[in-house]
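Shared chain: chain A. Partners: chain B in the first complex, chain C in the second.
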Partner chain A sequence: MPTATPAHYKNDSPAGFPDVDPGYKHRLFEQVMADHRMPDYIYGCYECGICVAVCPSARFYDFSPRRIAQAVARQDFELVFQQMQEDIWECSQCFSCLRCPRGNNPGGIITVMREVAINEGLATAKQALEGYSRIIYKIMSTGTQVSPDMLQPDAFPDWGPEVKDVSVNLDLWRRALPPETHHTTSTGWSVSERTLIELYLIWMQTGALSMIKDVDEGLHMILEEVMEERLEEEGIEI
Partner chain B sequence: MTDKPIVVIGGGPAGISAAQTACDLGAEVVLIEQRGFLGGTPIAENYASLTPHMRSAEEVVGAMVERLTASTSLEVLLDAEVTGLSGEAGAFALDVAAGGAVRTVDCASIVVASGFRHFDPGRETQMYGYYEYPDVIALQDLEAMLKAGDVRRPSNGETPKRLCFIQCVGSRDRHIGNEYCSKVCCGVASKEAIEVREAIPDCEVFIFYIDMRMYGYWESQIYWPAQERHHVQYVKGIVSEVLAKGDKLLVRGEDTTMGRPMETLMDMVVLSVGMEPSAGTRKLAGILGVEQNKYGFIQAANPPLDTVSTSKPGIFAAGAALGPADLEDCASSGAAAAARALSAARMVIGA
Partner chain C sequence: MSAEPVSVVLAKKQRFDREADRRSADFHEEVFDLEARGEWIVHRVPEDHVSVSTKYGLSKKIPRSHLWHHKSCGQCGHIPGYSTSIFWLMRKLGYDYDDPRDQTSCTAWNYYASATSNPAAQAAVALRNFAAAYETGFYPLIHCGTSYGHYKDVRRELLGHPELRHEVRKVLEKLGKPMVMPEEIVHYSEWIHALRDEIAARQVRDFSNIAVSIHPACHYYKLVEGDAIFDPDIYGGQRTAVVTGIATALGADVRSYSTWFDCCGFGFRHILVQRDFTRSFATTRKLEVMKEEANPDVVLTHDTGCVTALDKSQFAARAQGHDVDVPVMSEAQFAALAMGAHPYKVCQLHWHSANYRPLLEKMGIDWRQAWAEFEAQLEDLRDGGKEFITWDDVEA
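Right after this comes the complex of A and B.
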């Protein structure tokens, strides 16, 4: 670990979180940098700002993909730690920032930072994912994200009055859609048995499922049960 | 063919290129150099390697000198200074003081390649303390250290652990009067940064800049490798002052990327000084009667496509006497000026 205060700022702990052990911050940074994707995600930044210009999140938050790329390029582990507390959860992972002329991928860097934050069970990771338990459950258990039956009359008032109309005869509305795979209400589209089993295997084997353990233990338990049960039916043992 | 020689004033890269071209085209050439050796600023100021290809300055310039001085149609006057000019294109008479005597050199046309000098950091209007702190040095000082293979803090002889460059010292500054960009310092600083990282792998190297100007291939030849392979830290924002703090240097500025003020400690600070017309260029412009621009460089008379003509027929200029130039510019404009000088001589003869 570098001994000198890495940073370039007036305050000794300009990046915030002065009480957190710098050794810990540095370890997280090393984890981010050790990811095999990183060499393709960060080259160098010359601060043209195109990633900020195209970033939808930057329009609504004090968020800048340029700062993410810059912090990593500068190996400023204090700042990277700070960004893992807040900034990374403001990214919508749309990857518009791939337009970077240097070939950087700030969104990809954020993906890696998020994975490290989740694996390490950072409080902010829990916080950020709190509101998403249902979505995580849907994705991991069905392979699809928002399902039509989540459209309850009063659930999403900000989605407008049509939601109410649609929710009344949901099944009918869905059947009106041309692709048969969309004639579903409890999943976003129909998912074949084989796909589902493959997905469960992927979630379990890659460690994606265990990532959730530190973030939401209850959710993890339910999902693990669902998956193990289904795989058992297929005679697959993990 | 004209029987009068072509005179080239200045024995740096541009002058050598001009003299070589004129010799190759069959002219008699008199090369006048104020120093006691050929090679110009890269040799006089101990450049270690040349930007961007990083080949040894002594080897590259030495090879130029060797090839030129093998020419049979060349006369070299060292420790020589031009003191007066009379006549006109096709029949100039140049007074040259050398070895305690003044001699008149008759010539058909003249190429001025009297070069630049490094901006004197004592004139900068920030507060970088070049003459105050031993560990504040300039690009050419670091070149000399790199050439000697010994980069250390002048104050205590220790190997630096943190070293930074400050760009645009003496350039792009209305207070100083040098509003122009000196063109090469971004590349040279980046090249030196790479060399420091290679020589001292555990030394962190920073470059504080206004904007990096890496034109053409320098981008991928120097800038990207410096960032991507050598992890030189480029911080956008210029330094306002350098202060002593203990045995370190406190560098104060703004980190504009992160949008906050910045103060950080360094072991060494390297000032990326720009280019100014050399004393010789200023003096020669007066003696020869060629127009200078507001910065004292010789004014190219017909830009943009005629880059080497001066305001006076028969007199051409090349290299950094015309303004900030890299070595490739110098070699190119030297050859162009020689060709133009020769064609001017022939046109006069033919007329």
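Right after this comes the complex of A and C.
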């Protein structure tokens, strides 16, 4: 029997997640809409599909920036909830969709939806960040993201045998780099101590550190300890 | 009805004018206005600069010298020949610079991958770096395309939202740093573009037989599009002029292809935890199309993520029958090679995955000899004669 589900819904039950309290879905939607960026990111939608045509993720996933823009423009909080569960982590954040003739920014809407998903500790946000905590730890604690010592053949077997050459010769090859800031292996460049302290203060003052509490409690604990200890040593009160 | 001949369509396109309603507003006035109201200090572009035109005809000042290098974590981390080549070019042209330790990443790679941050944190990180540059007197030059795009976006948000400025000001006060906004946010590829004739004047290797395809970085020209460099003499002003400008100035044979505007597939989180997507996109939508339509000797781009996605995707794709085998590098490394840079000591090509050796041969570079020279330097490090290779050693 054909279902009455609108064609733009991915699941058979309208927008899926029938067990989730609609009030909760609505609160999440309101959080998305309350973000100061949203008035600049959605102006309605022509349904022209230009954003889909330019979208790399639409090519390889069941994913569409048009659906995102439309759900938000129609204030369809059920569908927005479904997208926060099923779609948003597929986006490449390339912002090709800024080519929208209506002036929308579907990629930007997704950034906001992701932030809400992280803040709320949604199960799919946790899932999306699986295998990613090492990277968050690196960027938040050292101020640089991809360090040379992350280039290990077991982590990047698909990048070819050159990765092994790099990891075997890492210390030597780093010392062969003429810029003095590049002689590091555990950070991209050498970052001064004072700079790191300032960065920790930023994470703590802006609530960026607390954001990960619900998605990765262990990581949050470790980072908080590292930062508090360092700030305490400097006699800085938070 | 018969189709119009391509030449007629192209001729029309050459008179291409942008519609007025798509023009982005000139942010400079607002930036200076906030300074006049005591909200922040505007870090002015040094006197020694070149003026270029951006997408909607606004002028942008590109500083020549006295630059503060805002490094990229991905470049320094796993494509170190990228940043080294930028420094090398600047040294060769005789311009002074600062390579600071008082610099963090823009942290946007993580933000676009995991969203474990927020606008206030992102703006505070940006302004902390801007303040650090201001304190040295050197002008910020941004190495990464994503940092550049993200910082332009941060500027746009700060201009539009007083409450965000207020929040960031409180954080910076706690750090003891002033609120600073540079007059222009400048990407290194803009510096190379603006100085392309100076670079070409010092070219020592002939690149006229080198076929090049260009991948422009999304975060360079799609994020805050109005602030990217366009030039009526390059693609009739319809595509960003950076990278193509320098490749043309160096006499290379620039060849276009139909998916020029497509992303590289980097994806921020995908390149780390979902590389099947990155590999599929980079291979089938970019590299194979280039190969089929343009058959380049090298792919040039101007961003960390794009070099990574296009270079590193090739190995595993080969196992699946997608054998593109084309070297990928930044235009900074390409320009450095043109000016005689050493492929290993400076351009550090041994950190790249796709096979670059046939390209070096075509450029007239004996890579076996070059590798032996590099190895000899490594020997000095191995036997303890030296702890580090210095800029002087590179020139020796």
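To be clear about the criterion, the second predicted complex is superposed on the first by the 216 of 238 C-alpha atoms of A that agree within 3 Å, B and C clash if a C-alpha of one lies under 4 Å from a C-alpha of the other, contacts with A are read in each partner's own complex, and residues count from 1 in each chain.
The criterion applied here is as follows: contacts are C-beta pairs under 8 Å (C-beta built on N, C-alpha and C of every residue); 3 or more make two chains touch, one makes a residue touch a chain.
What you see is a predicted model; the values in this text were computed from it and never measured.
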First, second, both or neither for A:Gln70, with chain B first and chain C second: first
Which superposed partner A:His182 touches (first chain B, second chain C, both, neither): second
Which superposed partner A:Gly160 touches (first chain B, second chain C, both, neither): second
First (chain B), second (chain C), both or neither touched by A:Trp203: second
Comparison of chain B and chain C by chain A residues contacted: C
Shared contact residues on chain A - chain B and chain C: none
Of chain A, residues touching chain B in the complex: 4, 7-10, 14, 43-47, 66-67, 70-71, 73-75, 79, 102
Chain A contact footprint on chain C (complex, rising order): 71-78, 80, 83-84, 87-88, 99-105, 107, 109-121, 124-125, 128, 132, 149, 157, 160-161, 163-164, 167, 170-171, 174-175, 177, 218-219, 222-223, 225, 261-263, 265-270, 272-273, 275, 277, 279-281, 285, 312, 314-316, 345-346, 348, 350-353, 374, 377-378, 381-382, 387-391, 393-394
Chain A residues within the chain C interface of the complex: 36-37, 40, 54, 56-57, 59-61, 89, 92-96, 98-99, 111, 114-115, 117-118, 128-132, 135-136, 139-140, 143-148, 150-151, 156, 158-160, 162-163, 165-166, 172-183, 188-192, 194-196, 198-199, 201-203, 205-208, 211-212, 215
Residue ranges of chain B in contact with chain A within the complex: 161-162, 204, 206, 212, 223-224, 227-228, 231, 233-236, 255, 257-258, 260-265
